[in-house]
Structures are given as structure tokens and as C-alpha cells.
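A, B, C, D and E are the chain letters, set down in written order, and residue numbers restart from 1 in every chain.
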Amino acid sequence: MPMNSTESFAPKIVAFCCNWCSYAGADLAGSSRLAYPADVKIIKVPCSCRVNPMFILRAFEKGADGVIICGCHPGDCHYSTGNYYARRRMTLLFSMLEYIGIEKDRVRVEWVSAAEAVKFSETMNSFVLQIKNLGENVRLGDLRCKS
Amino acid sequence: MQRIGVFVCHCGSNIAATVDVKRVALAMLSENGVVFADDYQYMCSESGQLKIAQAVKEHNLTGLVICSCSPRMHEATFRKAAEKAGINPYMVEIANIREQCSWIHKDIEQATQKAIILARAAVAKVNLNSPLIAGKSPVKKRALVIGGGIAGIQTALDIADAGFEVDIVEKTPSIGGKMSQLDKTFPTLDCSACILTPKMVDCAAHEKITIFTYSEVENVSGFVGNFTVDIKKKARYVDSAKCTGCGLCQEKCPSKKALSEFNCGLSNRSAIYTPFAQAVPNVPVIDPLQCIKLKTGKCGLCEKVCAANAIDYTQKDEIITREYGAIVVATGFDVINLDNYDEYAYSQSKDVITSLELERIMNAAGPTKGHLERMSDGKAPKNIVFVQCVGSRCADNKGKSYCSKICCMYTAKHAMLIRDKYPDVNVSVFYIDVRTPGKNFDEFYRRAVEEYGVNYIKGQVGKVTPEPDGSLTVHGVDLIDGRQVKISADMVVLAAAIEPNASVRQLATQLTASIDTNNFLTEAHPKLRPVESPTAGVFLSGVCQGPKDIPETVSQAGAAAAKVIGLLAKNELTTNPCTAHSDELLCNGCSACANVCPYGAISYQDKEVNDHGIRETRRIAMVNTALCQGCGACTVTCPSGAMDLNGFSNKQIIAEVDAICR
Amino acid sequence: MSNREEKVLQISGVNPRKCMKCGKCSASCPSYDEMDIKPHQFVSYVLNGRTKALAESKSVEKCLACFACVERCPRNVEPAKIIDAARQLNVRQRYGDTLSANDIPSLIDEDTPQQLLVSAFRKYKR
Amino acid sequence: MQELKNRIKQLMEENVAQRALGWKKGEFGYDAQAAFFESTDELDDFVYNGFCGANLSKYMIEACKKEGRTIICLKPCDTYSFNQLLKEHRIQREKAYIIGVGCKGTLDISKIKANGIEGIVDIEGADMFSSENLLKIKTVYGDHELAYSDALLERCNCCKGKEHMIFDEIIGESADTVSADRFEQIEKIEQLTSIEKFEFFRNELSKCIRCNACRNACPACNCRKCVFDSDKFDSAQKANSDSFEEKMFHIIRAFHVAGRCTDCGECSRVCPQNIPLHLFNRKFIKDINMLYGDFSAGSNCEENCPLTSYSFDDAEPGKI
Amino acid sequence: MALKYSYYPGCTLKNKAKSLDITARKCASALGFELEEIENWQCCGGVYPLGSDEIATKLSSVRALDYAKSKSQKLVTLCSACHHVIKRVNDDMKNVPDTRMRANNYLKLDTPYCGETQVLHYLEVLRDEIGFDNIAKAVKNPLKGVKIGAYYGCMLLRPSKIMEFDNPENPQIMEDFIKALGAQSVIFPYRNECCGGHVALKSPESAQKLSGKVTRSAEGFGADMLITACPLCLYNLNKNSQSDIPVYYFTELLAKALGIDSEE
């Protein structure tokens, strides 16, 4: 990937953030003025366990270049156990995506607490960079690639 | 079809300086369902809310999108405003264009574009919102206070005085906490026991307060207003009902080698013991690791001497289950382990002690009966050096990154007390900064310097070396003087950092209350909701939330009590209407959702349904909305999509995804 | 910040802004009395644009590389790296030679370990 | 086979059950189909041979809505699906009388045809209970012979075992058919580069005509109404060929049955386009076994599905 | 099978500190392990280059490390300076991408070296691989009644984050070693303070001052002798401390306790 195209490419990135930890972490990142690229758009969900794999596939189908799911650290879920289920679901989904030849770096799960503003911003910065390095998502729009 | 009004807030210049608010409003006009869009200086202000009401009326709005600060800030405000204007409060969505946009981006074009997309997603969602009605749930009129230190005691007393029942769960055999270990308190030099003991007695005597000492929280379930808590009462081997507190058993106990926790290990105690004379309850416990009878079956001396027949070697741990409307965490602190700071020779010399140990040494009930003595040889020290910030303000993974807040003041107190009682003792204090914000605090510190002649040296200590003659050389630096300083001391006192009590980690998990990277419990809002945890019904009192001194702890304890009283005073609570529900025509009755529900809110019913003319009895999932907390775990588990979540429906989230990716 | 200061920071890899001026480095330094600029002052010299003075100071040669300051710094500032970077600056600008091979015979005895010579050349000569 | 037929007849006559769920012979010798036999007369058409691959478990959902009890013939692998349906409360145990039928592997007609055998009129030697390992194939162009074991479906070559997990009685012997490792194909794909993987699956999936045969045959796909047929997820227009569901159908379907799929292989068997759909499901099974411990859906009715349980130290997503 | 290690002796051990080398090898074979000298090893430079952009000064260490990697052996050192330099360079190769990349670009090895080798000091081998209890069992002439002060110096311990040798402020390994030999260990606070050896050439007065503190502290606590792992410390303490306290390499005492003739 030549450098200049990486520079000009503005990826579409959907971030699902749980209401209790990660969304609050994002808020704290905001009030602490910890910048991260505008490419990231946050969707608030009550818990990482609310994220249906279909939402992720849907985002890719609609042209997202990366999807990141943020939740409370395991053990700290507001609903006690939600992120444990999310962890298994996403582990399997990501493994499947890799298996069918989708760059697994297009998806990520990160546990970010309400206090971890720095981690939130660093995570988003590194994720955007990762997606920029991958370039535009061409594979997962339609797996069948029918004409 | 919705009729949506979009309102873009300037938030003064907080948003408007980076986001072209007019353009955002204009862009929204071409969005599906939007019939009105406007921008305003402060949407949250009264006139801002009035604007909403007017627009609702004039344009017959059915849904609102507010582009403003985080919903965590003002969602409730705008929902109330909507309700006043005649719209269901759940027809409001917030596009967070401040925390997630204007505050983190500098480029106006970029920020404006992002704000438009965020607003678009909110509009797409509102298009699919439907009015929700909040339910009600009853409130159990009893509070649980976890931790029986000054924070827990004060909270419990305040709640009980308001007429509500309170239970205190304390891990150790007595309430009193760290304050009971202190000798004097700053800045007034009150005797700690003299002001604490009456409160402990009040607690024990209060008809509304039940104290569970030597007990721990084992399990917590439920939610605000309706918590169910299992409390483990550890076997005391002494019947509290029979014990008269005469103390004979402790006197006669032949096993006296255990280190006294209360005296920081500086003295010994018997296997059957009350931690200190004023303990509440004044009922001893038998330490099973030390008791000869419990270890070998022989002895039984305490049983023989107990006239009240209170000794019971067969006692077992007991689980008590109680219901509460509110829970207060007041688990307090501990001094950090100093293994990472061996340069101060804490592990190498008995005469290097922590400040808490010094409190015990200075205390008349302590290991030296209040005489200032070296722990190594019992000699009176002539030169004492205090080292500040041991393990505090460290960014090196060895210590704590925060300021422990209380050390400057208690060190000034110690220095002053020593100089007062033993004027011939030289006292030096190595400090990095002296931090004394607080009423009469700086005056207090200045008195230590000016009236008591305490030698304050700006600089840190690099190393303490024990010398062959039993003295200690303190290698420090005087940064003002620009010289290395070597002081030959008899005693070195380390102001070791404080950290949250280790039990808080597990407790936070049980309560689903969040903790920060230092294991302090997180408050719901650092400024506006400092005594509430983000988990409804869980409140914070004392150092478990952050370092604080006694006056601050007591104020926070009172504040937490006030919040609890406000909660318990209600007969019922409005429940979150964003709960799950299952579509009976789609439900397979497979039980997958019930398996993942953390609240046991899903049950199954055989129900007759009419599926497009076919009547049949089906096994259908039913959600108890009083129990459901709206996490959504069930919705993803459901293979047929029968289970959905109000306020965060599959369609709503997909609409947001689509709007963002468009 | 001038070129030289930037260079020192780059060579040392130190973030001087992390320093909280506690002085633990100076309290720990066995060479403190030999130094004209003291370990706790190193960061200020870099931040205040006085790196040249630092590079020309006696401290450059007096640092024992014992890493006591590195070990004990509560903020991970690592003053030893700053003073060594200042020394590197001299060495790289080719006026840092303070030891010549001709001096050696007069400085050694029959027991002098090779290690001392090797490290001395690293320390005093480019 | 006659023994089986007689026993069913007897059970129906004794009123143990009101009907039977078995296989009916088709037009050719190799197209037996699932069928209900409501009376003993109808049993004339009953067959049980190597072409009775259809897993009847799913039909039990229908049978449970009928009056009385139904005799259901289950091959060993079918019993896993039956258990899974029981666990999901989709069927009732008391409504079924299970005859576990012996199995020596089910046959793959496309494998036979792949041997260049065309115009098949009749196939002899497909009987499940005979120990003969020879298929005699009559075609319009003459007779062919093929070893029974050479014509097995892929799923039978990596059979889970010939033990019935649930039954009321067992009729007939089974024979071991394992000749391949179940996860070998998966591992091979995992070895490919990202682009090779993508090309492989794109090539396979582009053959899909969305006939829904896989979904219809799959015992785990037993939703009253499939998400792909309801409008629960898509806010946009439904069911044109570009829709989201179309594009992601197979991944979503595999995810929906993950932890529930018994690897019965019906999806691949019924696919008219011969897409190896089991490769998706088996990948999930492999991952689940590796990450969360060996799990075999339907081996019993108690064990919790790996996706509705967890442990504190599970692997982190993307880090396996 | 005897444990085999790649052995990096360093320049001083081939010259002024021969006895450290000889006794270490002899004790190794007595204790059942073998030190295989790295072929064509080059001098480590004596000091770890602190500059974050230094490459050339680290290459000799990388070559030694890569040699050990190629033999799948752990790398063992004796001299404190060599240990310090090699251990830290190894850490750079493992954890500092820039150094790793540039060093590898320069060396053009068949496969890049990325810090795979484990670097052990001889004392760590004794503690972690042989075990002090086993050494105690092998002792033939217990050093009964001898009071020995362990002088660690700087380079084995600091920076502890990288050296991971022992507690940098209250180390235990040499004391345990002394006890294993049957002697009595004397803990004195200057055992981890610098002796000033590094400036012994050009500032002998500093070296005198600092080394004097070390020996006085040890004598004050009743030490009959000192042991060290570092030839420079040994030299400096002997020459500059103005004390008569004998200083030995720790391996010399080990050899004595094991009943090994330390002559070549």
C-alpha cells in the first residue's frame, strides 16, 4: 500500500460501545480532549452482549471498513456476565471471518472501562491505523460476489 | 411516519467552535422523517427546552433528536422536556456531538461531517422508536453497609436515624476500622478513640442497626430497591448471645504467639481475642489457625474458664440471606506492601516503621503503652526521620500513581506530637511537596515547623542504611540547599501509600460496580454524583472511592446516607422500560435466552397463540420486566429473532449502522 | 526547543516532563559531590535549553553508570540516560576525547583489568 | 429391512404408536424420501437402504403436533439431532417411539455418478442390513459394479460413531465407516492464505441459488419462522436478491446453529449445487472443541450449549 | 546428559581474571554442567551503550546471542559487566523494534535475531538450574565459621526491570550461595552501592572514597572477606579501598568448598 493512498483514505469505522464502561470511557476521552480520528462513529448499546454478529456483518455489507466492539472488562460487566457471552460469540465470529478469508484485523474487541479514557483513545487511534493499513474493505460486501 | 425535530446545541463554544451547527441542522432537514431542524446556544437551558416545546406544538413533532453533549449528561433532561411538551420521553435520541466530536476533533470540516453522520444515525433510530412506558418496582426499606470503619459507621447511623433499618457487615471481629487504630487526629489533635468509640457504641445500641462482624458479603443479586445479599458469618466459636465480655478467656488462653492485627503485628495476642479493649461487639473470636483446641483437640481452657458457657468449638460458618433496597460500600483502605521499596530498609530493620505502626506505638493501648520506643531494642529514639511519598506519586509500576492525600497532614501531626512530648528528640521530614488544602491544615503544618521546630527538608530519601551500631543512616538530598544530606537516625517513619482494601475487587464484581485502574470504586460522576456508583442503588462512602481524611470521609458518609435515605423513602421506583420482550409468533421456546439471562427474568409458558389462523399451544418465553435490566444478552442468543430489546431493537441498531455507513 | 536539546532527548529516550522534582536521584547518587550539575538538575538543563552547559559539565565524566538513579526514580525518568546522552553529544561532535592511548601506561598497574580499559575508552573517547 | 418393517407394523397394530416416520422409496432406486406412514397399508412403500440419508429428527416437530405417538427411525447420527431438538423443547420425548436403526453408511449418488455411471435404472446391494459390500448398478447403457464403501457420503467417512444416543429399541447392526479425519478439510483451509481462502469460499458460495434446501433439511434450523423470512432485522426493503440476508446468508446461518449443529451433514447432502456447506459448521465445531472443551451437540440433553455458557478465562476474540 | 550452556567469558576472564574463568569451568563440570565457549566471541564493550540509537556498540553482543540461539543453548556469563551488557542488548533485541530492525539489517543473519536466547549469569545457573540445595550437598569442605559479605555492585542488579536478577535493594542470591557453601553470610547495606570502579582510571580519589565505604560497611558488620562476580570491583576494592579485607571471586570459594584445585 503506497503511503499517499493510506493518507487520503478515510475509512468507515463503526464502534459498538457498551453504555456502562466503554461509552463512558469515550465520554471521558472527550472531556479529557484525547483525540482520535473522526472516522470512528460510536453506536451505544447497553452491553457488549447486545452486539449481534448480524450487526457487524451488516456494517461490512453497507461499506464499513472496520468494526470494533468495546465493553467492560471481563468480570466488571454491569450485567455481571454479558461480556463473557460477547467474548465467546466474537471469538467464534472472528475466527469464522478469518477462515473465510476476511482480514481478521478488520474486527476487534477491546475491553475499556469508564476510567480508561487514554486506553479508549489509544485503541481507536491504533484501530484506525490498522484499518488504514488494510485499505478499503472489498471482500466482505458480498461474499458471493455475484454480478 | 414520524415527524422528527432536530435540535443542534452550540453548548456555548464547546460545540459551535468546532462544528458548523447550522450546517448540521440544515443537513438534517433532508433526512427521512425530519420536519424541523434548528440550532441554539444552550439546548439544556430553560429557553432551549422552551424552544423544543414550541417546535413540538408548531410542527406536531412525534420524535426528537438532540445533537448535544453525551446522553450520560443530559438525556434525562431532554426526556423530561419532551414529556412536558407532550411527547413520550423515549421518543428522544441524543447525538453525542460534544464528547464524541467537537471535543476531540480540531478540523471544522471533519467535525461537522462527523456530527452530521452522528445526527443522521440518531434520526434513523428515532424513526423506529416507539413510545415506552416505565414500570414500577417496590423498594425494600433496608440498607446494607459493607465495612464498619468510620465511613460505614457514620453512614449507618445517619440512615438509621432517618428511621430505616441498616445492617453493617464488617470483616474483622469489631467495627471501628482504621480510625480505631489511630492515636490522635489532625488538625485538632483529638484523641481518635474518644471521638470514635461513642459512635461505635451508638451503632451497637441503635435499634435500627444490626451489626454483622467477622462476616463477609458472599453473593449479591437483584437490582436497585431489591437486592438480595448472602452474608457469610464466619464461625466465631463464641456464642455472642451468652458472652459477657469478661475477658477471662483471653487472659487464660495459652496460645499467645499470634501477631496482633490491631497493633500492626508489633505485639502478640492470644488465640481467642477481641482486637482491642473497646471492640464492638465486645465478644471475642477464636482464631482457628492459632487455637490449640481447634488444631489438636487438646486444651479447651477457655471453655473451662468461661462462666457464661459461651465457648462453642463446633460453630460453623453461617450464611444469612437478607434483602436490601440500597447498598453502601465503605471498605476503606490498607497501607501498601513495602516489598518494592527495600531501599528504605523496612524489611531489614525493625526501626524502620510505617506511620500507622507509629500510631500504635504512640497510643497508650499500643505495644509500648504509648512510650516512644525503638522496636529493636526498646530504647528511646533521639533522632527520627520521616520520609514522605513512599509509594505514592509513582509512575514506575512499583507504587501508586496517585497522591495518598493524608500523609502530609499525619506526618506533621506525628512530628508535632513527638516534639511536644519529647522536646529533646530531633525530627526531620523529607518531603517532595507539602500538601495541606483543608481547613486549618496549612496553619497546622506551619505550627509544626515554626512552633515545634520540626526540620522539613525538601527532597527525597534515596536509601536508608542500617549501621553496625544499630543506628540508621538516612541518605537524602536537600534540594533547596543543593546538598546531599546524611542523617544518623534511630528511627525512620515511612509515609507509605494507601490503597483500597483488597476485598474491593471481588466486591465490585459482585455489585457490578466499576473500579478504576487503582482499584478505587468509580463514582457515577466525578463532580456531580460523587457518592453514587454507576450501578443504581450502590453508593460509596470513604476511602474505597479515593484517598480522603476523616472529616472528608465523614462528610461523604453522610452524603451517601442522604442518597440512601432518598432512595428508601420512596415506596416504588420507576423501572427502566428498555427491557426485552419476545414475539410469541416467532419464539421457538428453545430456552437459549433463559440460559444467558443474568437476572432469571425469562420464564416459559404454554400459551395458545393464533399464528395466521392456526391456533396452537406453544412454549413461549416471557420476560418479567421488573427483573429484566435490559442487557440484551437474550436477543443475540435467540436464533429466530423473537427476542428483542426496547430502545435498542435490532432494527434500530441496524438503522444506525446503515446511517453511519451510508 | 533547539536542535541540541532535541538530540539529547532523542538519544536518551527520556521524557523530562515526567520528572516531579523529588530529588531521589540526587539522594541516591554516589557521585553527587563530584558533580557540578546534580542529577536532579539534568532534566531542567535540557528543558531550559542549557544542554551545552550540561555537555561541558564535569558531571558527564563523573557519572559512574551505577544506575541507582534509574532504579529508584519513582517517575521512570532515568537521569543517567540524560547525562550519557550529553556525553554522546560530545563524542559525536568530536571534541569529547579526554583519554588518549598515550595516557594509559601511566594510569595502569599490573592488576588493572581489561574491562576497565575497555570501558574507559568507551566513556572518555569517541 | 423386512425385520424393521415387520416390527413397525407390529407396533402400529399393537397401538404402541399411531404412525411411523420412515423413508419411502422414490421413483428411482436412489431417491428414497422421508415419509409419514399413517396406516400399516402404507408401509408397503417403506424402505431402509443406503439412500435413506435423510435425517428424520426434524420431522418429529411435525409429528408432535399430531395425535398420539409416532414411531421414528433414527440412524445413529440422527439421534444427536433428536436429542438436540429435545433439549430445545421443540419435540416431546413421549410423543416418539424411537427405533434406532443400524447403519453401514449412507450413499452419495453424485459420487456414483462421478464414476461415469449414467442413466441409472436401478441399484442393487444398497440394503443397510446386508453385509455385502457391492453395489450392482443397472443403467440404460449396461451394468456397473462399485464397492458400497467407495460410494459413501463424506459425512459417513468421518462418522461420529455408530452408537445411538437415544432409542427405545435398536434394530439391525451398524458397521464402522470412518476413513477420514473430521477436521482434516478444515485444517487444510486454515492453512491457505487469506486470499486463497476467500477465493475458495467465494467460488463455492457463488453457486448458491438460495433454494433454501440446506435450511429446510437442517434439524437445527427449526425456527418457526426463520430470521431470513421475518423483518426483524432488516429495516430496508426485503428479499430482493441484493438484500443483506442474501449476501451473508451462509455465515449467519452457520452462526445461528453454532453450538447446536450436530454435524449431521444434511446441508451438504441436500445442496443441489453441491456446496460443501458443512465446512462452515464444522469450523465452528472445531473452534468450540479447541477453545471451550470437546462438545458434541446432541450427545445428551443436559449439557449447556457453549454459546450460552462461559468461563472466566476464555480466549480473547481475534487472539486464537 | 550434562546441561550445556553457551559461555561468554569476556576479555578480562581471559587475562587478569583467569581464576574466575578457571574455577567457574571446573566447578561447572563438578556440578554436572558444561560451559561451551562461544566461538570467536568479541568484547562486549564493557559498558552498555545507553543511547537509544546506538547499534554498532551492541553488535558483538548480538553475535554472541545469535550463536547461542543457533545452538539452542542458554548463554551464560560470569563477569558482571558482560552480563549487564549482553542481558540489556538482548532485551533491546526483544523489545525495542528500532534496535532490532537496524541491528538485523546490519548483521544480515539467515534468520533475524529477536531476543530468543535466554541470558543467565553463572549464579542464576547455580540458583535456578542446579539449585543451591544440590550445591550444598556437593560441598566437600564446608566453609564453617567464615563470615562472608556478598558484594553485588551495580551491574548485576540494576536496572532491575531488565536485569531481573534479584531484588535490587535487598538481594538474596549471593547470601544463599554463601550459606550453601556452609559459611555465614554478612548482610551489609553497601553491598549494592557502587564501588566507583568505573572511574578508577581517571578519578582514583572517587574510587577510593566509594570503595572505602563498601569495605568499611562490610567490616563493620563483621565480614571476614568479600566475594564478588566482577573483576573490576575486585580490582577496585583491593586497590583503592585502603582496607585489607580479602576479596575473592565467588567461584574461587565455590571451588574451595567443592574441593577443587583452582590451579590451571
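Following the convention adopted for this analysis, a contact is a pair of C-beta atoms (placed from the backbone, for glycine too) under 8 Å apart; a residue touches a chain by one contact, two chains touch by 3 or more.
This structure is a prediction, so every number in the text was calculated from the model and none was measured.
Student: Mind listing the chains that sit against subunit A and also against subunit B?
Tutor: The shared contacts of subunit A and subunit B, listed by label, come to D.
Student: Quick one: report the Å distance separating subunit D from subunit E, using the average Cα coordinate of each chain.
Tutor: The answer is 68 Å.
Student: How many Å are there between the centre of subunit C and the centre of subunit D, using C-alpha atoms for each centre?
Tutor: So the centroids are 75 Å from each other.
Student: Can you compute the centre-to-centre distance for subunit A and subunit E, using the mean CA position of each chain? Integer Å is fine.
Tutor: 49
Student: By residue number and range, which residues of subunit E touch two or more other chains?
Tutor: 168-169, 193
Student: Among all residues of subunit A, which ones touch two or more of the remaining chains?
Tutor: In subunit A, the residues touching two or more other chains are 52-54, 58, 62, 75, 81, 85, 89.
Student: Provide the list of subunit B residues touching at least two other chains, using ranges where the numbers run on.
Tutor: Subunit B, residues with two or more chain partners: 343, 463, 596, 637, 650, 654, 658.
Student: Determine which chains touch and list them pairwise.
Tutor: Here the touching chain pairs work out to A-B, A-D, B-C, B-D, B-E, C-E.
Student: Provide the residue numbers of subunit B that touch subunit D in the complex, in ascending order.
Tutor: Result: residues 124, 128, 583, 585-592, 595-596, 604, 611, 616, 619, 637, 639-642, 644, 650-651, 654-655, 658 of subunit B touch subunit D.
Student: Going by the contact rule set out above, which residues of subunit E touch subunit B in the complex?
Tutor: Contact set of subunit E toward subunit B: 167-170, 187, 189-190, 193, 217, 220-222.
Student: Under the stated contact criterion, what part of subunit C meets subunit B in this complex?
Tutor: Interface residues on subunit C, with respect to subunit B: 18, 20-29, 32-33, 38, 40, 68, 72-76.
Student: Which residues of subunit B touch subunit C in their complex?
Tutor: For subunit B paired with subunit C, touching residues are 343, 389, 393-396, 398-399, 432, 458-463, 475-477, 479, 482, 484-485.
Student: Subunit C touches which residues of subunit E in the complex?
Tutor: Touch residues, subunit E against subunit C: 10-12, 15-17, 43, 45-53, 57, 79, 81, 154-155, 157-160, 168-169, 193-194, 196-203, 206, 210, 231-232, 234-235, 238-239.
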